[in-house]
């Protein structure tokens, strides 16, 4: 679950402060959260956010690109200290990791060709639908079993790039995926795709920590709240998304 | 646990399908192209040289990608996913088999060709009845290597979203956050490759009746 | 009938003239031995008759049919591949190195060309093969593979294989020189049998006594040329040419 | 465009580093293990049989995964990413080279061993000076295949997040949503493999001074 | 000195007794020819002396040092590998199939064991090699590779290679039987030269005339046993044993 009171033997925050740096694991092919810019350096919303949090904690960030399949092993082997890469909070992941409070809301949208008549989930009956393997889009679709069963075919792609390529070639009819990423990709190929009005639900991004690193997670939550309060969070969000979509806890 | 194993094993279907289809086409084609490289005219040889270089020289993953996404765009046709996978694997493995059989045929003594010719046999007859059967025996070890590699290469079809052993495993690894699941995949691969190793050592023994 | 008729044959390897103007007529029923020092062109001559080498100059008639015609500076004109194969079928050749098919049993070796070239029905091909095995004294070896035979046995299978095509002429290229001395006899015995049946034969050999015994004509080659062509006694007993004399003295 | 090419070429650094490190270790080890399989006792042979089966029988990707994530967990140590990649590639390729060199050594005539022994040479001397040099010539074609495969296999290091030609290309493909970028990668691979093909045909010619 | 002393040697291949109780003493300076039909165990005998085969029964002393001791049903006891290699160095062997090292030039073939086994300095090894090449009549071939030599030349290089180790005894296993008849003479010439220098030699051969000419002792083997052991004339002129008589008649 989300951060609770630190337990006695949890020295994670002290360790990070002593090291003066935390290692941030990310999928560096996830624009605009984290990706290589024209300069070859990794940039993105997550990077700016993490740098701001680190600055406020008085430590530095070290970026470590990882293979997404290996993220749990990377963090448990202590190759990295956090998974900070548009990580969707799911019950399975909550069982394995400690999460920060959510910092971004995201939708699982249906992308179709500009000319397509698909607009509702029910329109997907008998159609070929693609997702990115292991994505939260896949999880969201698989939760709605009735709709999943109505699909003509359900395909899992290596990357959204190939899924969209299939969509463009007409070998599939729709792609379900993260609104944030998909919208970014649509800007690269304007006039080809559109987003249907129906979607597969909302979800939240959080930062993942090792299960035991509760004090560290609590410190990040504290900084998030401070940034919401002083407007820094809104500033970073506006830089990448043109508006303030930073997630604010209800209370 | 049981359902996980079944889910992964479902991917073995793809693996085996691609394995057999590839071999059924790539081996005869490889033999044919090997003969072309040895006995063909300058143009045929040149084309085959470029073919084996391009196909061995670029990653199979890119070739699968190209066949499925590139060809339809270039030719304006629509390709079936499985068909694209078959085509890519066949043209890739044919290139490797061509080189292997070429070495095998070249290793057959000139005397075998001369004796066949002196008996009035035509070049195709000589190849089919005398040279190829002997060449096959000699190239068994490298062909065995290719069979083993093919079993594992089939997982590359995941780039065009065809599920196989490896992809299904990866899915479970991230869904369950359980990297140990890879061990199941490893065991399945070991069983499949053990079958191949066993088959080849049997064949090697069976063919040792001569020489 | 002129079984073989060569006119002014030339054949080079690089700068080396292996055959340098050879004329040769072999008539039906003749048994001709070819002798001469190493490198004199004996093998090359046999191989030209059998289209294993392509000539550069001269004409070749086999069974009185023209098969090759070569002029200086032009590409040699042969008759079509298919026609050529028909002629080659009627010529049997036995190599120094046997060249049996290692992956086929003795029986299969002898049946192979009957089945593929002559399209003989399998049962008949087998009967012919067994008969020939009997003839070369290897009744019990039909199921053996070449690697299980001694050199002398291998060479006798090679002879049976050639005979299975019912050739009208047999070419032997040093059929015994890869054999241990003790095994030479077996093979010579078989060739003698063929001689008694009046098979037309050309035999390149180092076995002078044998050449003298079986052949009714002996050819001595040197430096790509036929230096002498006559009756065995002319060559062995009264070699006029000094080159031949020293050669024969050295060999016996 | 230019910056994209440079970015992808930066990945070639990984490719070449792994290529050379792997070969430097895997070739001598392969020769050693081949000798072990031929001349070793029952136990050594048994171990090596299992080794070559396990390593050839499971995907290299899983082996890299296992070395980098599994070993540290089992032994409680921390491995450097590059070091893990080197280890995985070396143990994997050693298995393939072992089989290739085994076939090569077995193809050397018994007479060569006997002549060496009769001259008083020890077994190691015979191997080093007489048998291995001749075996190397005979196994050039399959070794060439392995070199070409290795160049392309290096891209598997992306599973432990080491950037290489292929991973850098994929990054750009997803950033720019431009699959055409794969063509750049294909051309780089073709240049690298052309170098290998050229080197091997040269070596083959150079070694043709005998036989 | 008893250079070789074999007592009651037995050696089987599967169920076949290739050597069946062989006793043999060779003294320094003797030149011994071994003759006998194919399969009689001649090669096996040479190979046992040189540790290329492991005996199952009997004892072997070389240069009056015991090197092998075998008792029925027990594992044969040999002296240590290292000691054995020291003895083997002092025995030269020439094979029927030459077994030259194809990847090394003629000079390197002759230098190889000098450098690796004897640790002779390269310059000295080269001088020795050149001298031996002169002796076997191949002065101009030092840079050639084995594949560029004729059979007779190959065999002479093989002899030079063995002589380079300055052996005290030379074993020849049918050194001429893989050669074309014309090339046999060259090799026999070299062996004769060694005989004139009183090299201790054991020569397995099919060349009866040669055996008679060079050797001062001839051994006739059959079915894994020494059937006769005597002076050349005893065997060739008055073969008492009927088996020997037929063998010799067949060979000459």
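Letters A, B, C, D and E name the chains as they come in the text, with residue numbers starting at 1 for each one.
Throughout what follows, a contact is a pair of C-beta atoms (placed from the backbone, for glycine too) under 8 Å apart; a residue touches a chain by one contact, two chains touch by 3 or more.
Just so we're clear, the structure is a prediction, and the values are computed from it rather than from any experiment.
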Any chain touching chain B and chain E at once appears in the list C, D
Greatest centre-to-centre gap (Cα means) from chain E is with chain A
The distance between the C-alpha centres of chain C and chain D, rounded to whole Å, is 51
Dist(centroid_CA(chain A), centroid_CA(chain C)) in Å evaluates to 83
Distance in whole angstrom between the CA centres of chain D and chain E is 45
Cα centre of chain B to Cα centre of chain D, whole Å, reads 20
Going by residue number, chain B touches two or more other chains at 65, 69, 179
Note: chain E residues in touch with at least two other chains are none
Shared-interface residues of chain A (touching two or more other chains) are 69-70, 73, 162, 165
Which chains touch? The pairs are A-B, A-D, B-C, B-D, C-E, D-E
So, in the complex, the side of chain D touching chain B is made of residues 53-54, 56-62, 65-66, 69, 96, 99-100, 103, 141-142, 145, 148-149, 152, 155, 166, 179, 182, 185-186, 189-190, 193-194, 197
Residue positions on chain D within touch of chain E in the complex are 109, 111-112, 114-115, 117-122, 125, 129-130, 133-134, 137, 209-211
Touching chain E in the complex, chain C uses residues 37-38, 150, 174, 177, 180-183, 185, 206, 250-251
Per the touch rule, the chain D residues reaching chain A in their complex are 3, 7, 10, 65, 69, 72-73, 78, 81, 158-161, 163, 170-179
Within the complex, chain D is touched by chain E residues 50-52, 81, 85-86, 88-89, 91-93, 95, 97, 99-103, 112-113, 116-117, 145-147, 161-162, 165
